[in-house]
Structure formats: C-alpha cells, structure tokens
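Labels run A, B and C following the written order; every chain starts at residue 1.
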C-alpha cells in the first residue's frame, strides 16, 4: 500500500475525500444574527405572569445565539465531518476498547419507558426500569463471578473511588481503615488519583523486567498498613498476571483487598471470571467492554462488582427483587458508603449494555477470543518493525515503543500524526509510562482481517518512511482538516470561550 | 553545559550567589525534560522559605513540576518577564530565564550543594 | 455473530501468521482455575431484543404517557428533534475523547461552544467541558474552593441544596478530613442571609447555596457572595434546574465565584436519571484550578484557528495522585446535545421556555391553593417548582394519582422526616393547561 496519497496526480487526498467543503466552520455564535429564530413553542395557554422580584431576574442573555434550524443543522453536520469515528475506521486506542457501537442499543435506549421516565416516580410504576437494572446486575454478577454489583458510578474513575471507599469502610468497621494503597507503576493515572480521594497514600510498585508484578516486591510491600493492591488485569501492557492467585494470597494473608481495574475486561470477558482469580472488587467500563458509545468523550458508566464481604458497603440505593417478584430500591443500608451521585447511575447506558449482553448471551466469550486474536495478529505483523520492550505473551492489546524510530529522530507523536494521513486514528501514545515512547494498540474484536492488514501495512510503511524520509513523518499530518495544532500556544494564552464583541 | 559559577540541586535547580543574594533557576536539562513551558507559579516578594521547601511550580504541556529552593531566605525579586513569557526559561535557563532572587539567611547551606561537574555526573547516572 | 467480522478462513490465516494452532493457545497465560464460561441465555436477535426491551419499557410510566409533574433535580423539558437526531451521526456518536486534535476538531469546537453557552448563562468567565452530573459537580466545586483556600477545611452548605447532592458531598468528604456545616432553611423554606453569613468562620473555604432551591424557592445569590467575600472563602452557586438560568439573575453578576450543577434541563432527556450533564464555571483568576477537561483556542501549523484540550497537566493522567480530580470521562455526547439545543433556542427561546415554565407553575400553584384541604406552605417566589401540603400522606396520594395516569410530584418523605403530607411539584413548558386542570381535579376528588 502506497502512502504517497497526497502526491498522486488527480487523486483527492484522504482529507479532501473526507471533507470537500471549506474546513473552517465559524462558531455558532459567529453565525448569529438579530431576529433569527430557530425554534417554535406553543402559545402560552395560561395567563402570562412573572412573580419573581425584578432584582432576582435577568432581562436578557446578551451574546446568546439567534440562528435558524437550517443553520444549526448545517453547523453541526459540518463540524461532525471534522471528526474521525469508529464507524469510519479503526481506532486502535489501547485500553479504550473502541469497538463497534451497535445501533440496536441506541434504539432501545430511546424507548419512552427509559428515555422519558423519572426514578422518583412511585415504585409500582417503575417496575420495568427497576427490572432492567436488576437484570443487568445479574448478568454482570454472572460474568464476574462476584457476589453483587453497584451500577451507580458514572464512569470508571468514579467506580474506582467507590471500590476503594467500600474497602475502606470494610476495614474501618473492623477497627483500622489502614493507610496505604499499592499501585503498579504501569497503572492508569485514575488509580492513584482515586486512592488519594479515598484518603489513602499511594505506594508505587516497580514492575519487573517482564513487565509484571514482582511477587517479592509485593511481599515486602504488603503490610498490615496496606488496605488494597489496585491491579489492572491484564495489565496496561496487555500481559496477564499469570500468578494472580498467588498475588491474591499475599494480599489476603495480611487482611488486605485485591482491587481490579477492569478497563481491560474485553480481553477475558466470557472466558475467565475475576471471582476465580481472588479479586475482591472490580470496576467495569460499560463504555469499553460493553459497547456503549464514546460520544466524543462520554458519557461512561462504571459499575463495580464486589465479594460478599463488601456487600453491606455498597452505595445506596441497591435494586432488589422481592419474594413476590416485584422490584424495589433498598435505601435501608446502614453500612453503605452513601451516594456518589444523584439517582441510580447512567441509566441510559444500562439499557445499551444489557442489549449488548443480550445480543451475545452465552457466546460472549467470542468477544474476548476475537479481541485477543486481533491484537496478536497485529503483534505478529509489526514486531519486526517496532521495538517491543516486554515480550511476554499479550492478550487484547500490545505496546510497542518508538525506540527504533527514535534513532532517526522520529517519535511516537510523529508516528501518530502520520497514521492520520492513512485514515486511522492513532493508538494511545506515551502510556503506560514504563514504556518510554509507547504506542499502545488495541484493535478490539470488531475489526476484520482486511482492516487489520491495512493498519499493519500503514504502520510498516511509516516505519520505512522513518528510515528513508523522516521529514514527511515529522511534519505530519498533511491531509487532516487542520495540521498539527499548537498546544503550547493554547496553554500559554488561554482562550477558553467566545465573548460577544463589546 | 552547566556554568561553573553556580551550584546545583538533585531536583535540577541552580543557585548563583552574589554577595547576600542568590539567583535561582532551573537547569538546561530540566527545561529539556519539561518541554515547552507554558506557565510559572512563583511566590510574592517578602515570602520566606527554608531550604528544600517548595516555592512554586513550572508547567509544560505534558508535565507540572514542583520547584524547590536550594537556600533559605526571603524572596527579594521575582522574574516578572519569565512569568509573562515562560518560553524564556526554555531559551535561556541560565540567563534571562532566572526565576527568583532570595536574600540568604545563612551562608552555611551552599556547601551542601553540587558543583557543575557533580551535577553533570548526577544527570548522567540518573539517565541510565 | 454479527459484530465479529473475522471469517473462519481469516482466522486460520491469522493463527498461522501468529504461529499458534488455536485461539485458545493465546490464553495460555491464564491459569486453568480462573477460566469459566458464563451461564447466560443464548444470543438474542435484534427483533427479540426489541420485543423484550419494549415489554420492559411499557412497564414504566413516563412523561410521554402521563400528566407529568416530577422534578426534584430532573426535569421534563422540550428537547428539539434536531438535538436528538444529531446524536445519531456516527461522527458524534462513535468518536472518542479529542486527544488528537487534528481529527477531532468537530468535538473540540462543539465543547468550546458549550463552554461559551455556560459562561453566558452563568455570567462567569470560564466553564469546563462538563462533569458527570449535578451532585458530583458540587463536590468538584467544593474541592476546587478548598484548593484555593490554602489549608482551610470547612464548607458551609445551605440545607436548601438537593438532599442527594448533600449526601454525595458527605460521601466524598468523609475520607478527606473535611468538615461540613449545614445551615437550615428558615420557616419560609428559604435560606436566611444572616444565618449563612454567621456560619462562615476563618476555617471556612466555601459557602454553597442552591437556587431555585430544593423546595423550588428562588434564593438570593448575593447572600452567598456576601457571606464569603472578604472572608477568605469562595461562594458557590448550585443550580439543579438550569432552565432557570435564562430568567433568573446570573450568579456571576451577583459576585459569585463558582457556579455548578446540573444542565440536563438544557436539551438532555431525563433518561431515568442518567446520563446527565454536570457543569462548572468560575472566574478567570481561578481558571487553572478548574477540574475536568477544558478546550482552548489556538492555531495550527498553517495559522488556521483550531481547538485542543488544554491545561491537561492538572488532570489525573499526568498528575496522578496530585490531580485536581480523578475524573477522566466527561459527558461529551450530552454536552453536544445541550450545545445543539441551546444554540437552536438561543437568546429568545431559552428565555421563552423559562417564562412559560414559570407562568404555568404559577397557574398550577394558584389553582392547587384553591382546592379544599390543600395549601402552599412556602409563600416566597418560585421558578417552576413548589411544595404542596395535602390532607393525607403524600406517598399514598401520589400512588393513587399514578394509577390514574398522573405523576403529581415527589413526596418530601423520601428525603426528610416531619413532612409526610408534603410533596414537591414541577411544571415546565411541556405541561398543558388541560393536564394541570386534571391534576387539580384529581386532588379535589381525593380530598
């Protein structure tokens, strides 16, 4: 596959094919014009009234938009065309699990009983929504092999916080919440941040030469002042801690808890169960493993599964099925850690995730098998061209580094920018921190061989360019709607909104 | 190269003593590691610090680093030019990119700091 | 399986390239003891999923099939067709966080516009790219105020703030060695300015007030800004019903330092309580302490205007345990929906929605006050929500109404003791006079 797309005569660049119109789209505020109207409301069917003292009201919202529906439609359509998305092509972001977002999910989430209902309506008219939440919990219990699941956390990071807070509550109940949480140096930044917000100090454990946890290091570090070990399973290198049960043993022997960051659940969902690994508490990301859409950066949903011992501490309320088969919310949980947000959680994501699980059913293991096959295929295809710092077996993602290309002055960021010229979203770069110049690739199971081959070919082509013509990589991207963006200027001179002209 | 006329710390600050006043900045190695600096948080004049206390932060697009004072004393001058144009710390970390000036409360601390040569060696071993 | 595009022959070729015989060989690193298949039903087709979920949907009453008057932090407002349908576009739905700005200018510019809308509505300088929802937004605002306070440990909260928000704050604060002092509302259901001011001492880092408050009453932002200003504390305005921002005096113009809360009313469907849309806005002087994602304007290598995420160094993926927050995901899609909706309605529409909501609520309030056995216990000004006191237990009354297709309000007994006969009722531009008259008639019959 040739990459000289922009040089072939007569052939539109990838950028042009994506976006034939002018690439600059004004702000919606810049399209505004006095007197334009974009909406219609029915006339008021009750007397007009304004019964609030004048000094507590405003007369106007200067600067707010006055545009028509046509302009809104064009503006947001044009803006959308400046985005790359999964529906267009591969998004191999490691640890993000950018899988296809099934459209059934969108349809059922918009059913009126879900989209237009309110959790504070009387329970007897909420039986459908309560049952759905209960069914999702049951499915996640089955997939994790743990005792119960809270659906409340709004996203993975909040799930982590909930999990560590439950650990803290359980330990506090026996007299000592302890002081520290152990976290490997390969962990995602949310782990230490969440531990901090739970009131713990963080102690970082150095990974061994294999990229996994050193059991001697753990044994040394695991004291009765340690509340928990937070592990990503498999870790952020895609490597499964094959001694996970021994790890759990070491932690449990000192009365601590084993927390699993389930961001990488896509690698073993339906194939293995965290409950069988000695994991006590694990958060999942519905927007990763369970296909709910990423939507430009959210919403997510971060349910947390726990062992029996932690059940009393679950956030309030839980959803219960009573003996008569009816569903109810249980607020009477004296040991609960409390609430982390309003209402039940990101309910719209529950609907989507349950529809996804229903579509796979007992075949959900095919997801993990597909994800692991695809990632290993990419590993095989790229290992001659890119440096692999840790060569242990990997599951659903693979972390290469820019070490070889760095010898020619080209770095991970440049490779990432050049990939855009080939029609791919770049992989995650510079994470995990233990691999300098990391390129973290996770294709997911929803990529076919043709797409994988195209990606491999593009990466190999870029590797060759780094040898023969590094400049073209260093000055990439060439064909995207904007060229390399000046992030330094953005930070030095903060402009965080538009202002109406004075 | 690290100038000989000053002392260095393990956290990559330098201090140049002129009589009672020490000028403090970060080294060329530090500015390279940080990348393009976008923001400096520095204290007000009059503030008193003990040696090794955090006196501010330096921020780039990819990292934030705390700044630690090599010497104890009172802040007598802050480089407002660097605050306005943080890029100068990248361009001239040992000259116009200085950060602040402290009036030494004691002259006993300087001897505990590293020389240019010792610092260069320290950086070499750190990079391994 | 329809989401798995690898055929059998593809698989064979791939396994060969990898150098293993079967896919199972790639799972060698998993010990046998951890393997286990789930006991779930067989796969369901799309038709069966539609049937099954349709059945569940029908067993929950919602705003489309009842006379609907529920609020308490989640409101049934007009959502334009285009705001919903724009979310179906792949480029919005299936794109990711805009870490690579060259291929995410759509998302980045939309967030920049969202940040602007929130700034205009709150009267403050800078807003972030959104937070999860209102309660955690209040937590983030408080933590931000704490960071600005250099060492203070006490927050003063009006008890007029939504009870679920206050409960959330307690959950977070319990482990951070931070103290909460709640100021009860007065006998008229509103917060007393002197009580708020009196509660602030030299250990206080924040004073938070919600308006309209949980009882629907319009509070005076100046009582919070006056209590905080000059005393080393930050004033925080909490908004649970964001439609009110188009009609009520903006917090920024009343001297408020930080505004936060829930923007669901501005173009996001109720979704049975989530996903919602938290927001946070502050003054330029404090912008470096704002949590969550931020989009800034800049140029690209060819001098074109472009947008990118900025000030990321405050965030967890760089600062780790020193981060301003542990938040990673924001509410990207909901912020887009709100942006489309706010842009469409704009200067006049947002105001008209607020005026209609208020006028209709005033109508209902007056009519209910005229039903024997019923009264409006709090006489102060309200926006679109108010407390009703009836002759019997509110829960059983509301259940009877629900059986007749009327969702009349939220009983206060869900959150507090001592008011079993009270409930809070919300009205929006979506309610018709006919529905309101039906509710009034039903209350009259029940009495």
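In this section, contacts are C-beta pairs under 8 Å (C-beta built on N, C-alpha and C of every residue); 3 or more make two chains touch, one makes a residue touch a chain.
All figures in this text were calculated on a predicted structure; none of them were measured in a lab.
A.B. asks: Which two chains have the most C-beta pairs in contact?
C.D. replies: Per chain pair, the contact count peaks at A-C.
A.B. asks: Would you kindly say which chain has the C-alpha centre located farthest from the C-alpha centre of chain B?
C.D. replies: C
A.B. asks: If you average the CA atoms of chain A and of chain B, how many Å lie between those two points?
C.D. replies: That pair's centroid distance is 39 Å.
A.B. asks: Rounded to the nearest whole Å, what is the centre-to-centre distance of chain B and chain C, using the mean of the C-alpha atoms as each centre?
C.D. replies: Centre-to-centre distance between chain B and chain C: 44 Å.
A.B. asks: Can you compute the centre-to-centre distance for chain A and chain C, using the mean CA position of each chain? Integer Å is fine.
C.D. replies: So the centroids are 20 Å from each other.
A.B. asks: Multi-chain contacts in chain C: which residues touch at least two other chains?
C.D. replies: Counting only residues that touch two or more other chains, chain C contributes 318-319.
A.B. asks: Going by the contact rule already set, what residues in chain A reach two or more other chains?
C.D. replies: In chain A, the residues touching two or more other chains are 487, 491.
A.B. asks: Where does chain B touch two or more other chains at once, residue-wise?
C.D. replies: Those would be 39, 59-62.
A.B. asks: Provide the residue numbers of chain B that touch chain C in the complex, in ascending order.
C.D. replies: 39, 59-64
A.B. asks: Chain B touches which residues of chain A in the complex?
C.D. replies: Checking each residue of chain A against chain B gives 430, 487-488, 491-492.
A.B. asks: Quick check on the complex: what are the chain C residues that touch chain B?
C.D. replies: The touching residues are 288, 312-314, 318-319.
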